[in-house]
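Two complexes follow with subunit A in common, the first pairing it with subunit B and the second with subunit C.
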Partner chain A sequence: MNNGTADIFELHGKVSRATVIEEICLQLAPFQAGEQPITGETVISKDLTIDSLAVMDMVMELEDRFDVSIPMNVVAEIHTVDELTETILELRAKR
Partner chain B sequence: MNPLPTRNIQLALRRADFQSASEMLDYAAQGETGVTFYNAKGDVLSVLPWREVRERAHVVARKLIGAGFAAGDRLLITADTWPGFFDAFFGAQYAGLIPVPVSVPVGIGGKDAYLDQLRRQFASSGAVAAIGIDDLAGFLADAVAEFSAVRLHGGMAAIEALPEKPVDLRPLGPGDLCYLQFSSGSTRYPHGVQITQRALIANLVGMTGPAGLDIGAGDRAVSWLPLYHDMGLIGFLMGPLSHQCSIDYLTPRDFARRPMQWLGLISRNRATISYSPSFGFDLATRRGGQHVPADLDLSCWRRAGIGGDMIRADVLDRFAEAFGPAGFDRKVFIPSYGMAEVCLAITFSPKDVGVRTDTVDRAALADLQRAVPAADPQDNRRARRFVICGHVLPGHRLEVRNPTGKVLGDRDLGRIFVQGPSVMPGYFNEPQASREVLGPDGWLDTGDLGYMLAGEVVVTGRAKDLIIVNGRNVWPQDIEWAIEGKRIVKIGDSVAFSIETDDGERVVVAVVARVSDEEARANLARDVAGAVRETVAVDCDVVLVAPSVGLPTTSSGKLSRAHAKANFLAGLFAPKPAAA
Partner chain C sequence: MGLFDRYAGLLEVYRDVRTTGADPFQIRMERVLSPTEAIINGRKTLLVGTNNYFGLTFDPSCMEAAIEAIRAEGTGTTGSRIANGSYSEHIFLENEIAEFYGKKHCMVFTTGYQANLGVISTLVGQGDHLLIDADSHASIYDACKQTQAEVVRFKHNDPSSLEARLRRLEGKPGNRLVVLEGIYSMLGDSAPLKEFVEVCKKYGAYVLVDEAHSLGALGENGRGLCEEAGVLDDCHFIVGTFSKTLGAIGGYCVSNDPDFDILRVTVRAYMFTASLPPSIVASVRQALRIVKGRPELRKQLWSNVATLYDGLAAQGFKLGPQHGPVVGVHLPDRMMAIGFWRALLDAGIYVNVAIPPATPNGVSLLRCSLCAAHTAEQLEHMIEVMTGIGRQMGVISSTPKLRVVAGAR
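Moving on to the complex of A and B:
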């Protein structure tokens, strides 16, 4: 049984690519470096002012929100916002 | 699925009176207790009674022996918290192979760094087989490509695919190794600590006995500690196993995600024993301290151990305040001290008295190497509070010595040496590194600094990180805490070390700069230098580090000051030239 609050925010059914990107950008917005906008090509751990712990917090937030679990080897190979988006969409499709 | 029972129905309690890990398992397997795995939501993922751990390990052992692996061969295992670890680890125990537990990757884009680390561990251990969770099979394949001696690698399926042959088991015995422990703080040049069966049992006897945690009938353990650390593997697998206890596991990742599940499990399962470094208590307080669930009942928790990092009394105070209303009794805190080189533990504070501290004068400690009680313990600028870590385990000895080797008396600051049956025979295949820490008389140089206080040890920090400015000892933690304490940067975003100059040692503080405009950067540097001057009374050079470069950490996520210093000297922290 899960009484966690995450369920309230969990998305059900099909989600679009735009929704996923929007959510990632929302999560990353606090770490935007200067005026440089966050795009699909943004390299998460390099182009932003985010540290490794905060990155993992963000990944966990996204996992909860989209109800997916990203395997640790896949996380270790993600670099850009686009790659993170694709990963989440693929895992959603497999559910 | 229900968690496994806390008590065995008929099996009589035996208190670590065994000769080897496999003997402990043989006995525990006659009862009903075992290990239960949970997910981040607190649901049971799987249960593995000790009986089943043993049966599965026997199958694995016959497959490994049947495949031609020789006694003493090393088996590398990615030590995620999952049933496969138990299969592989105990399978190796019954097959006469030496397990080499290694960490799992963390973080986004961390593949290359992880593969580098794996390659160093293969080189250091000479492993001939490697087993991991299925997700990591690909990484293992990448890492072993240059190690032709590795004959088997992959997920558990790689072992399952081997034929089970009718061979005799050849369990590791009292004279053998139990496993190789890569101690934290050694990602670059990993040293595998040789954990012998004898030392393991000696340490377990001390740790679980009356001078340690005093485990007995009715105890139940909860752990989220990684099994690739001695505190996770020896403390919270071998320890409970040595007393036929049940254990409830969360993975370290799931703990980081939902720290309150740790406390929730203790409460629901009426667990009695659980351990954490200070940062785990801190995380739980920060995430859960404001909204303690009404049904959380921690009154069952009778041994809350702290170890693995410098113990922070302030963090434990806050935890006790936050969870006191939920039944947590601060008297159950047990500060302890140890390292992989002694298996795990070497001192424990007395039971049922909680955290005791000694507040000393900073100036006397720095200038005179004396821990003089502070005139005004409330004055943080002049006083420094240390946690008293208890007596050395029975059968062991602990001394604090000065640089010439003289054994020091109470309140004289020196280097901590230990001796006794828990001490390692040396690092695996590293005679030189072993000689550097281990004397011919069997005394181990822990590399830690501290002082004695009425038979108990007070650990003040790592000797090698110590900064000496104008003959004064300065602890880098003090500098970092001063900066964090003023909330100039967050925890883990600053690191202090010293460099040698013509004028003696110069303190350098590297901080992660999460601001980009020049004025904000200048302010940050000024605030950091100001805080250090104000609190620790030394001048320092402040280096701003881009978040993309970051500060180096050890495999356990602790800041590596030595590595930070090396990066600094290599010019890696040099500020980027201003945009043209």
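Moving on to the complex of A and C:
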């Protein structure tokens, strides 16, 4: 995991969907269950070995990567990698 | 699907825990002898996991005050303060705590858990923003579930992580409330409060500090981290508990906000539960007098902290980042922590075991908490026993870091 220095990914520029997915997959890689690859459809709490606390910690890393804040009640509604990607892109668009 | 099916994973973990032959979550104190000793499994056991920081649970003056209050006012209030009214003692206690902090208002709760749950969830509502430290206590997390505000976590003890989140809120409407703890209950580390307060000032955020583990322990007068960091006036709300240093049960919140008392008719955890019984209020009032009048207890507590922390560190144990009345000892995994805990209990020493999911970052810990009433001999004995078990289990290296007396073997 990131060592706490909040290095912001690309503060002003646009980030692509692919970049966001790639970063999420990178964060989730340690929790991959067996050989099953992580894709947009992966259900974070079901298809992986990640617990809810680790999900929240991962969200904190992503927040700093993409310079957005994702409130806990929003995180609770996110199930798949695609949904998380969409949320980050939407929040970035609103900045 | 059965009601408990969702807990299948947890049941499995719990089964693992119990394979050691003792259940750390259902320990029975057959008889409590003093703040530092109890009979467990028929054996006299040293208690180093009770949060009884000043050892006041058996203070004769606190006990007498409680007994006298029972004789005068009975065993319980049988209702909440808004329904059944307050006893004079409730008001006296609130005035005394407010005065202790130099704040105008105080509200007393039946537990510290309810104080956090009720106050935090009510201070912020729809359209507001609640920012909490990632390692916050369960009572703070539960407040997050109850509030209508948007909740964002920042990295533990990291003011720059908080600042990034406050900055992202710039231009958005709504109040901001930041929640911190004086001393964190698992690893015993303190918040860099001065830096946090500066960030909060810069972005116009309210600050609430939970001094559950720091009341009595920190600050020149024992008011906690807010006092020690010199930011008492900048902390809008201070929450605390009577269940640790003050040796009883209950919680409180103090503030200077002129409209603070509106919380008495808005905080559900205050309105819809019975108020503290007279005996508890009386012993807490006396315990607070002791905190104010006997600073030597704080000195003794910290001297005991140094003995245990430095003693364990010298043997190579991996500990929490700083001296504190809570000393967290890191162990490599859950089973190792439980095995170590069990071995300690068999040797007549009781500490807490803290394992995921109740710990930050999935760490497994032996959680020790010190008491002013511990003697140096008790703690040195504990270090010796832990060193022995630690070497046996391969947690620390068997070549001692300190030079032992030549020819000892």
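Basically, the second predicted complex is superposed on the first by the 85 of 95 C-alpha atoms of A that agree within 3 Å, B and C clash if a C-alpha of one lies under 4 Å from a C-alpha of the other, contacts with A are read in each partner's own complex, and residues count from 1 in each chain.
The rule is short, and it goes like this: contacts are C-beta pairs under 8 Å (C-beta built on N, C-alpha and C of every residue); 3 or more make two chains touch, one makes a residue touch a chain.
Owing to the predicted nature of the structure, the values given are computational and were not obtained by experimental measurement.
Overlap between subunit B and subunit C is detected when the two structures are superposed via subunit A. Once the two complexes are laid over each other on the shared chain, residue contacts for A:Pro71 go to subunit B and to subunit C alike. By the touch criterion defined above, A:Arg17 lies against neither subunit B nor subunit C after alignment on the C-alpha atoms of chain A. Note on subunit A: of its two partners subunit C and subunit B, the one contacting more of its residues is B. When the two structures are aligned on the shared chain, A:Met60 is found in touch with subunit B and with subunit C.
Subunit A residues 4, 51-53, 56, 59-60, 71-74 lie at the interface with subunit B in one structure and with subunit C in the other.
The touching residues of subunit C, when paired with subunit A in their complex, are 134, 144, 150-155, 158, 160-161, 164-165, 168-169, 356-357, 361-362.
On the subunit A side of its complex with subunit B, the touching residues are 1-2, 4, 33-34, 43-53, 55-56, 59-60, 71-79, 84.
Residues of subunit A touching subunit C in their complex: 4, 6, 51-54, 56-57, 59-60, 63-64, 67-74, 95.
Partner subunit A is touched in their complex by these residues of subunit B: 41-43, 104-111, 114, 135-136, 138-139, 253, 256-258, 492-493, 512, 514, 516-517, 547-548, 550.
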